[in-house]
Amino acid sequence: MNFASDNTAGVSKAIFDAILSANEAFSSPYGTDPWTARALSLLREVFETDLVCFLVTTGTAANALALGALTPPWGAVFCHAQAHVMEDECGAPEMFTSGAKLVGIAGEGGKIALASLAAALATFERGNVHHVQPAALSLSQATEYGTVYSLDEIAELSEIAHAAGLAVHMDGARFPNALVALGCTPAEMSWKAGIDVLCFGATKNGALACEALIFFDPAKAANLPYQRKRSGHTLSKGRFLGAQMAAYLENGHWLTLAKTANAQAKLLAEGLAKIPGVRLPFLPQANEIFAILPERVDVALKKAGANYYDWPWPREEGTALAAGEKFVRLVTTFMTADIEIEQFLAVAGRSARSDAND
Amino acid sequence: MNFASDNTAGVSKAIFDAILSANEAFSSPYGTDPWTARALSLLREVFETDLVCFLVTTGTAANALALGALTPPWGAVFCHAQAHVMEDECGAPEMFTSGAKLVGIAGEGGKIALASLAAALATFERGNVHHVQPAALSLSQATEYGTVYSLDEIAELSEIAHAAGLAVHMDGARFPNALVALGCTPAEMSWKAGIDVLCFGATKNGALACEALIFFDPAKAANLPYQRKRSGHTLSKGRFLGAQMAAYLENGHWLTLAKTANAQAKLLAEGLAKIPGVRLPFLPQANEIFAILPERVDVALKKAGANYYDWPWPREEGTALAAGEKFVRLVTTFMTADIEIEQFLAVAGRSARSDAND
Amino acid sequence: MNFASDNTAGVSKAIFDAILSANEAFSSPYGTDPWTARALSLLREVFETDLVCFLVTTGTAANALALGALTPPWGAVFCHAQAHVMEDECGAPEMFTSGAKLVGIAGEGGKIALASLAAALATFERGNVHHVQPAALSLSQATEYGTVYSLDEIAELSEIAHAAGLAVHMDGARFPNALVALGCTPAEMSWKAGIDVLCFGATKNGALACEALIFFDPAKAANLPYQRKRSGHTLSKGRFLGAQMAAYLENGHWLTLAKTANAQAKLLAEGLAKIPGVRLPFLPQANEIFAILPERVDVALKKAGANYYDWPWPREEGTALAAGEKFVRLVTTFMTADIEIEQFLAVAGRSARSDAND
Amino acid sequence: MNFASDNTAGVSKAIFDAILSANEAFSSPYGTDPWTARALSLLREVFETDLVCFLVTTGTAANALALGALTPPWGAVFCHAQAHVMEDECGAPEMFTSGAKLVGIAGEGGKIALASLAAALATFERGNVHHVQPAALSLSQATEYGTVYSLDEIAELSEIAHAAGLAVHMDGARFPNALVALGCTPAEMSWKAGIDVLCFGATKNGALACEALIFFDPAKAANLPYQRKRSGHTLSKGRFLGAQMAAYLENGHWLTLAKTANAQAKLLAEGLAKIPGVRLPFLPQANEIFAILPERVDVALKKAGANYYDWPWPREEGTALAAGEKFVRLVTTFMTADIEIEQFLAVAGRSARSDAND
């Protein structure tokens, strides 16, 4: 019963086979190989537009490089107060921007509230040298709480940002899961909605270690090759990144993987919702479920070997937890088997009822 | 006939199989997996000492993280004037040290001359706030020109450095090739000779993307976990780094790979030495050969499809090239086949003689 | 009627005369002069303890150097959400710490609330590489809203910080005004209450350009000489900083200046409080008054030539402004004359009453 | 007998009086005052062109801010191997450029040799991500060894730099002394010769602490206001910088000061040249004299109370010092009195002759 993280899953067979087949002969290094070229070509097809892309091994690298390209050291990046770039990258955006400031914006369910963004932007006086200058907006899709921005929400936030002269970055570590949830096209959820730079995740969705940093405006990427090299993220045997990304995109493999993960999350969420005492404070739209569990349920699950993380309760979200409640995160992946979900729900259900009967 | 770079070779079968077998089930992320633990255990065995290690995907990351751990922003790193950290990492050491200064030291054949290091150190006044303060010495083993420091040379340079309060870093992107050339133990070529921090290369020697950043003094590594994460080099599916490194070390696989590469270099170098007009300015001790080719030979080889790089002639090395001479680099790897060398030498020999007959 | 800023005032006569007298002959550079030595000696006397100090020309430099000495790039600095280091230094702390993160803590009247600090600290998991690590607490005394922490408040906040392993910095750009307000000793308001590093302001209180960066623990200052030089803040003719600071401290001159500024603020605040429609949302304890003015009063004052800044209403403070109200800041200094205050109050009073009569 | 540094002299009377007169009333802060406006106007007059300027307190700040404006973190700055930016600013350029690389170019007498610059530039492959990218050339006028580039030399070096896409910076800490030596106009020695950004020194030539960072191309200065603030170099009472610079420029006061310093250097150099055993390895063109003294002369001078610095012998300059020779630097200033020179020469002459008689 492993629901700890997308990172605990492995590599899909199709992607693994592609890595293997890229290993057959000598090839040119640093991303000048045919697999990387094929990946770029597929990305252009999938996103229905011209674009430039840089393949790297981690989401932190992709996000930090993206923000480094969009923000000067005296710039400000607006993001959700609990965004990954804000809380979970040990200051990588600050390192790659040479010290820019991230400004956390409140908003329920991991989504930046439109009014809060507007209010925050208004406090930064342009041209006033005492203040850092607004430079970028960063959206996470899916969000840190497993919710998904609608196309309209993305477009409205982007519009505010663009009107204020900011570039818009999307942390798409779970882009595929969000896309499947919305049922729209990749173009609709990115550049057509105002996204300038997208970190398009594959690692959490079945790749070994591969993220595509995509610039829809090539001019913004002019210095990226140097920034990538200088941060140690230009792989010498770059073909293995290209092979992962190409296989990921071929025949909609990436969507198949995400559909599985989302479907399993749905199954799990629906099961949980029926268990007495369990609450789901955020709508689980992608492959993450945040649940409030009665303590006895949590204890029983862990005793039964279920693997998942306790999660810090977001301060700004309405009511606090009741005594004896636990806030936890459950993540499903393309590898999550039905049996794991059934077992999990069985243990949870049993312990909840025994609790009720005390 | 591919002699362009170690990076153009692929992944050895043993290492690939290990990656595959690590993919079978869920595993804990960020290097908390059994493969990474096994790699650490093997490194301790191979180096006959306690040590801490961090696995990363590129040599540039390993070097820059190492120097970042050893050098404050107001520090100076002494290295060879043509060292990889100086010339080929687009300023990664400067980025990871928040702006330290690299001081290039001259020396023939890619080796830092003892007297030049001493002279350079003497020009930095300690405690004088106008000057950056000496913090680290960085040695490349094998060097940028395919030569290898003797154990005595390493020990003497380390001794000068330590006496001056500097830590000693070894860029061991080709550590295995140098080790095989010297025929000594890994311990002798590292901590026993005064090395404090070693970047132990695997990528150039048959791994997919894996370098071990090794601290022989764990205290110096205290902040490395944050520095690695913050630079985007903490892989989520860390088991795939662990699996590479473990397989690389099991049963001396890494030495087998390096021995093959070195043997092929020896074959190629001996063949080249017999060809009229070809000169080898540096002793080819590891798996790189730097050769001066008559222009006609160079033209004939490239026409025949040989793949190798022209190389900038190092300014400080004695005599200049004669008119019509080309300076080139040839690299052999564990994948280099005898037939490639034979073909290369045949074309070179034929064109050289036809040249002589003109 | 100039109430725009302490920065609009000039230099006190005693300080100016000291600069002049330091100019009479050759002197040794970079702070190795007798005036700087005298300043250090006086600081030790005034603070009743051993200490090391670095004189610089701006408060931003002093604060940023202080935080740079206390915080690694992967560190977090906790400060009030509206602190000067957070909002008014264009990212200087981020620059001098090579990219640390400032975490804004809420609290009424510019003061960090004890519970909020504790709550914020609790969200940072120690040793978890995904999170920046708490490194320093920064308090502003007097605060950005003209209020003053009590000795107990400072001690309690410091205690929480120290217990969590943080160093405590005090931004004392208006330290003298706060000290006069509390009527305690400099030692009581600094190291005795747990302050490790103090930026002791003089510029706002009658110096030309001089701030003392004081370390009560000399060990923490070990690298400061390099950090200061490297940021361009080591003045060659350092004696002119020493002369300012020495004259500032001689015979309690600094306290005399601050007493005047505070007394004038009291006079102004008391007068304002009597004017119908004027509200003072924060208790004016030092030399700054934050006032909510009816629009007509604001218009009349500006028309009469009064010089002061509109101020952004702090979002988190309870009620919003009513329509037609202006939030403004008024600052008094050692140069503020009684007549200016009388004129200001007269205009304000007249316009307020005419308003009431409409 | 003080010949230690220009920094040991004080402030000229005209400049001091200007500071005093700027102190009479309230004034607007951060350089929005009339004195700063006047300084800008005078600079435009003196340089016969439009320009933007930023006044700061130290030469290190001016240089580092200049290079920060011209060079990205992955850029290279070419300068003389012994340039102040290279050796005497504790890495400030690296800090302000977020880690760019300074490339030291050899050249006799502190001057960059044209051929060496061209050769160095040729080794950096444009667009090759492994290499930092050439971004700026930095010239020191006068040089670190008291010599002065001719207008032709500046123009030729600038031309090479511009042709290669580099911006050209002049470290003019002793610009006035060089200008007086050449007898040309400020425009001729700066923008007319290809200089894009000039650090125009005043501190060493009679100001308290004031340097003008001048951009002849305003577009290059677009971000400077933020970079200055963020580095703590935006003085709140900015009028005192404006007052210094304005008084410095009024009525050619700066030239008068420099003429005095240069004339005294000439007197001293001519006297030294006549003393047996004393050698002047570099032509003293400005206000610095580098002399090789017989040991006995050095001892006698120091015993007599003469104040000057021993200097490290530049490695690359031809012959080494003979045994018993000292290499020293002597600096004259606007405050240097004839009597000091006479005394110095008398002691030196006497000890040299007694030496010869031994």
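The letters A, B, C and D name the chains in turn, as written, and every chain counts its residues from 1.
We adopt the following convention: contacts are C-beta pairs under 8 Å (C-beta built on N, C-alpha and C of every residue); 3 or more make two chains touch, one makes a residue touch a chain.
Everything numeric here is computed off the predicted structure, so don't read it as measured data.
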{"item": "Both-way neighbours, i.e. chains that touch chain D and touch chain A", "value": "B, C"}
{"item": "Pair exhibiting more inter-chain C-beta contacts, A-C or A-B", "value": "A-B"}
{"item": "Chain whose average C-alpha position is farthest from chain D's own", "value": "A"}
{"item": "Rounded Å distance, chain B centre to chain C centre (Cα mean)", "value": "52"}
{"item": "Centre distance in Å when chain A and chain C are each reduced to the mean of their C-alpha atoms", "value": "41"}
{"item": "Whole-Å separation of chain centres (CA-atom averages), chain A against chain B", "value": "35"}
{"item": "Residues of chain B engaged with two or more neighbouring chains", "value": "30, 73-74, 89-91, 95, 98-99, 129-130, 132, 226, 229-230, 234"}
{"item": "Of chain A, residues touching chain C in the complex", "value": "73-74, 87-91, 94-95, 97-102, 119, 123, 129-132, 312, 315"}
{"item": "Partner chain B, residues of chain A touching it in the complex", "value": "2, 4-5, 7-11, 16, 19-20, 22-30, 56-62, 64-65, 89-92, 95-96, 203-204, 208-209, 226, 229-237, 240, 307, 335"}
{"item": "Partner chain A, residues of chain D touching it in the complex", "value": "30, 72-74, 98-99, 129-130, 132-133, 223, 225-230, 234"}
